[in-house]
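These notes open a run of structures that come right after.
Across the two complexes that follow, subunit A remains constant while its partner is subunit B and subsequently subunit C.
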Partner chain A sequence: MNDFSYLKPASRQIDFDKFDDRLLLYVLKYELSFATCISCGGCTATCSAGNLTNFNVRKIGLWLRRGETEKLSEEIGKCMFCGKCTLICPRDINIRNVILLIKKRISMLKTEKEMP
Partner chain B sequence: MIKNKHVAIIGGGIAGMEAAAVLAKQGLKVTLIEKEAITGGKLNDWHHLFPDFFSPKTVIDNLIAKTNHSGVNVVYNTEISKIEKLNGRFELSDERDTKFYSDAVIIASGFRLFDATLKEEYGYGIFDNVITSVDFEKLMKTEGKLLTAQKTEPKRIAIIHCVGSRDAKTGNTYCSKVCCITGIKQAIEINKILPDSEIYCFYMDLRLYGLNFDSLYLHAQKQHKIQFIRGRLSEIAERFDKSLQLKTEDTLQGRPLRINVDTVILLIGMEPGASNNLFTKNNKVTIDENGFMKPINMHENRNSSTHDGIFLAGTVICPMAVNESIENARAAAFEVISYLEKNKL
Partner chain C sequence: MIEKSIIIPFLIGLIYLSIIFIYRFTKWIRGLSKLDKLRLMQSLKSRRFMLSLKEIFMEGLLHHKIFLKNPILGYMHMSLAFGWFLLILIGHIEVMCAKNSIFVPFHLAIFFRYFETTKNFAFSGVFSFLMDFLLLFVLSGVCMAMLKRFKKQMFGMKRTTRLKTGDRIALISLWLIFPLRLAAESMSANLHGNGSFLTSTFGNFIGNSGSETANFIFWMLYSFSLGFFFIALPNSRYMHIFTEMLFIFVRNAGIKLKKHNNTFTDIQVYSCSRCGLCLDNCQLATAGINNTQSVYILKNIRNKNLTDEQLFNCLLCGKCEVDCPVGINTIDLRITQRIESTLQYNSSYSYLEDIPAQKADVVYFAGCMTHLTPGIISSMKKIFQMSGENVWFMDEEKAPCCGRPLMQAGQYEAASKLIFNNTKKLLGSNAKKLIVSCPICYKVFKEDYELGKMEIVFHAEYILQLIKDNVIKVNNSNERIIYHDPCELGRTMNMYDEPRSVLQETGKLIPVKNEKQTAWCCGGSLGNLKISQEERTILRNQAVEDYLQYKPDILATACPMCKKTFARHREIKVLDISEIITNSISKPTEEKITKQKTKNKIHENEFV
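Coming up: the complex of A and B.
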């Protein structure tokens, strides 16, 4: 059969059967308040890093909830830990601690070689 | 005969008036105790009601007529601070030790408005052009127009949802439920008097639960070009010209957003009444986790407090719209009748 070299782009669909909860379960274990996030964006509005770079702290929370481990390990280093997000949060989530826990868990996974 | 029985109602707002009128019409002796010099409560300050721009004055006038015709004894300038059961009857007293006696009590003392100065980052009481939704109603009622503090017509107005509601930082995690539709109603009213202005609503979720609420939302977008931006306001700063700079995130675009406006309206929520705590002393009345009065259950026994013979009506139970408050009060009145019939010996 002739190979016409058609592009076979990967599906853009989110495959929720392969949901990766390794980061989420760790964060919720130590910072259960995160479970109440409603993605209002108050944190992003006040974020020091997000006003200058494309870092979006609300999306960090969303990706955490959706198990987007790869995106999180790319983005998490941009946080400056100023803590303004925590001050503004209407759900009283310790967002600063959430970021710290994500970083911790990612480095744990890296040393355990569970992550590339 | 329960016709000789006496019912005392605390609070001459719309709920108290409705309950009083219903009970008096059934032949009971009713005393309606109001802390202000007039009845009607907070509705006296209101310009128009959602979702149909109905006149609050008509509502109050009808309720006053009903209470007058049915023979309710209205006592003004009296703020009850104590309810106690003595020798099988209720004794209600105020700070001056004025006493009222009754066989049943309805607490219809309503709600308190959220104090927007507590949300300091929004600048109410600091910046001249930050007002509340209640200030707006009062302005519309007394002057019929919206001007900035510099007496100019505002060109851009921002309406902020969820101020003092769904906000753990203010201690209020519940939804006040009437503010979303109030914001939409006020946006339309502003557009009607200032057709060239740009109006933006900043929201977390739009909770449009009632009949015709959603159609008013669609109407606001189609006929009045109101812009809705999903993002919680983080802070307001005042500029030299007294205009205001707002910081939020456009969460649907996923980018921080800033906007300069001339006037900001904060949609303040409903809080438990200041007297709720007083009413729980010397009896078995209790409050819920938010500080509102606790009914026996919220489904089929919502008008009964946890003390036999003390009933609840209106926003003392939870945030309610005007029509819900009145309906709820009517239900409370019938609960009182069945309680008195059961206990007529």
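Coming up: the complex of A and C.
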């Protein structure tokens, strides 16, 4: 039988009680310029890693805003830090630093979990 | 007996100092890797030992490098270091002459005028004159040091380091040592007449108010100031005086930091004298960033309070290294620190595939930055066409980054994954030459890739060779060209002449004040992860405004990153070397004629 599950998508409501803002607040604390992101996707278009694999910088920004920590920790390691995204960003966002901060915060979260 | 008590404060300080030194030096040398220890032992046996001794004399005592940079500052440091050294040395010889023995207690030289009241040994007059002269020499340095603290502009310094409490105690006691010595010796000269031109004059000045008690008190104070200085020294910046000697030996043995911290880091950190010469060289201050310069990073490593915000806010341009009088390798030190701080979160890049390599004689790797400047790629293609070589454009469609940006961000393990993938492909191509058009890639290919016999050529070198071999013929257009030295190519890879010789073929190269070692950074550096775009713009404008004074037609550079950064400025025309060359290539005249003929033919046909 055909799979018609897409006709009944799962709820995409954001539950603010469960909203995980740990990454977002950390990034904004040290790199406020991220707040001006308009998700234009220029970064994704130029991305060297995105050319080799399924990696999307624009989505990283979206997930960061939605607090999707798990997805981020899976994807963030793909970045090669080449800096093209930072150069072409029309809002002059320091994207390399945003990625570095996300990476750092995720590793901090992991060690926090290990130490209850 | 009470007379002898004046040596006690001095002795306590000295014993404390010696214990700390022996402890730290053994800890540092033991902490080196086995290979490094072997290197150090070997260097002590060879000619390098003499070279190290010479360097210690030239830098530790005479401060030759500071002299070259700023003679007044050089004199100040020399008078303090070399003057004090001679004071100790000649003081000892004097005591030896007076006692007629080679073995004399070492403290006697320091309090000699107090204990030896007569002037009836051989050459006593000469010695007391010399000692007075040296004291004057040192005092002139102390006066200048005090003046410099309060009026640094007089010494040509824009900025100087901020002091901590430990430093302040050491500084004040150091300042007091020599005036107190002068006072004490003058007092003795007044009582016993054992002084020379300086101390006698001061002694006469005191006149009848001098007494044995006053004499004792001044000598005691002198001893206290020495003791205080010795006790404050290990926890202050003056630790550099002795660490620098060890550092010179270790450095001359060829020991380097290898991507992780060991005690060589500590040796370098403690060798920093916090003179602040790196502050004036650092461009970040123009953009209002004043706490991330090398001197502060070294201090923070020492005090164990280094933050990521400071560590990653550096252009890695290498200007601070150029003028460091101690010769600390600040860039390696900072990158090592970054590697250690990001160890927890490296990437594995498991998605990298082994794309089969294409067999070719020459491989061209453009790099990520060149892909943002398509002008460079098309000119490189044109140049390859003319050279007629079998070239494989490795990353035309897709290829991983070279790994250098990751290294600058401290992600060494992640970078080695990319390096491994690229190396496989490069070796698979069986090429003899790898051509790169980006200095960022050039550095990492040269330093971190193991490519066997493959020659790594920067595009400026390649073009120069083509011009020399008469493969490319260029026209000299007499345009005024300024060449901007990219940091990664100039200061870190020492390539200054090749791009210049290429440009001399096509135009009139104008020498500028800030070039080669002291060249500006464009501000676009990938080394800095924290700097904002506005701050980058300030740095870029600073460089461009300096270049505009010379009224150039073209600002030439050899780095796509610099080109991209400068291109945002409206008043200056920026071109890469390869673009300038392709613009000025003289087309063979025959080709022009044939083109004209075909055009005419077409016209004729149309008429028909």
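The rule we apply is simple: the second predicted complex is superposed on the first by the 96 of 116 C-alpha atoms of A that agree within 3 Å, B and C clash if a C-alpha of one lies under 4 Å from a C-alpha of the other, contacts with A are read in each partner's own complex, and residues count from 1 in each chain.
Heads up, the rule we're going with is that a residue touches a chain if its C-beta (ideal position, glycine included) is under 8 Å from a C-beta of that chain, and two chains touch if they have at least 3 such contacts.
Here the structure is a predicted model, which is why all the values come from computation and not from measurement.
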{"item": "Clash or fit (per the criteria above) of subunit B with subunit C on subunit A", "value": "fit"}
{"item": "Which superposed partner A:S11 touches (first subunit B, second subunit C, both, neither)", "value": "neither"}
{"item": "First, second, both or neither for A:T44, with subunit B first and subunit C second", "value": "first"}
{"item": "First, second, both or neither for A:N2, with subunit B first and subunit C second", "value": "neither"}
{"item": "Contacts of A:I88 with subunit B and subunit C, given as first, second, both or neither", "value": "both"}
{"item": "Larger contact residue set on subunit A - subunit B or subunit C", "value": "C"}
{"item": "First (subunit B), second (subunit C), both or neither touched by A:R58", "value": "first"}
{"item": "Smallest distance from any CA atom of subunit C to any CA atom of subunit B, in Å, after fitting", "value": "6"}
{"item": "Contacts on subunit A seen with subunit B and repeated with subunit C across the two complexes", "value": "46, 51, 88, 92"}
{"item": "Residues of subunit C defined as touching subunit A within the complex", "value": "308-309, 312, 342, 344-345, 347-349, 351-353, 368-369, 371-372, 397-401, 405-406, 409, 411, 418, 524, 526, 529-534, 564"}
{"item": "Contact set on subunit B toward subunit A in their complex", "value": "121, 162, 166-169, 204-205, 230-235, 247-251, 254-257"}
{"item": "Touching residues on subunit A, where the partner in the complex is subunit B", "value": "38-47, 50-51, 56, 58-59, 88-92"}
{"item": "Residues on subunit A engaged by subunit C in the complex (per definition of touch)", "value": "30, 33, 46, 48-49, 51-53, 77-84, 87-88, 92, 94, 96-97, 100, 103-104, 106-107, 111"}
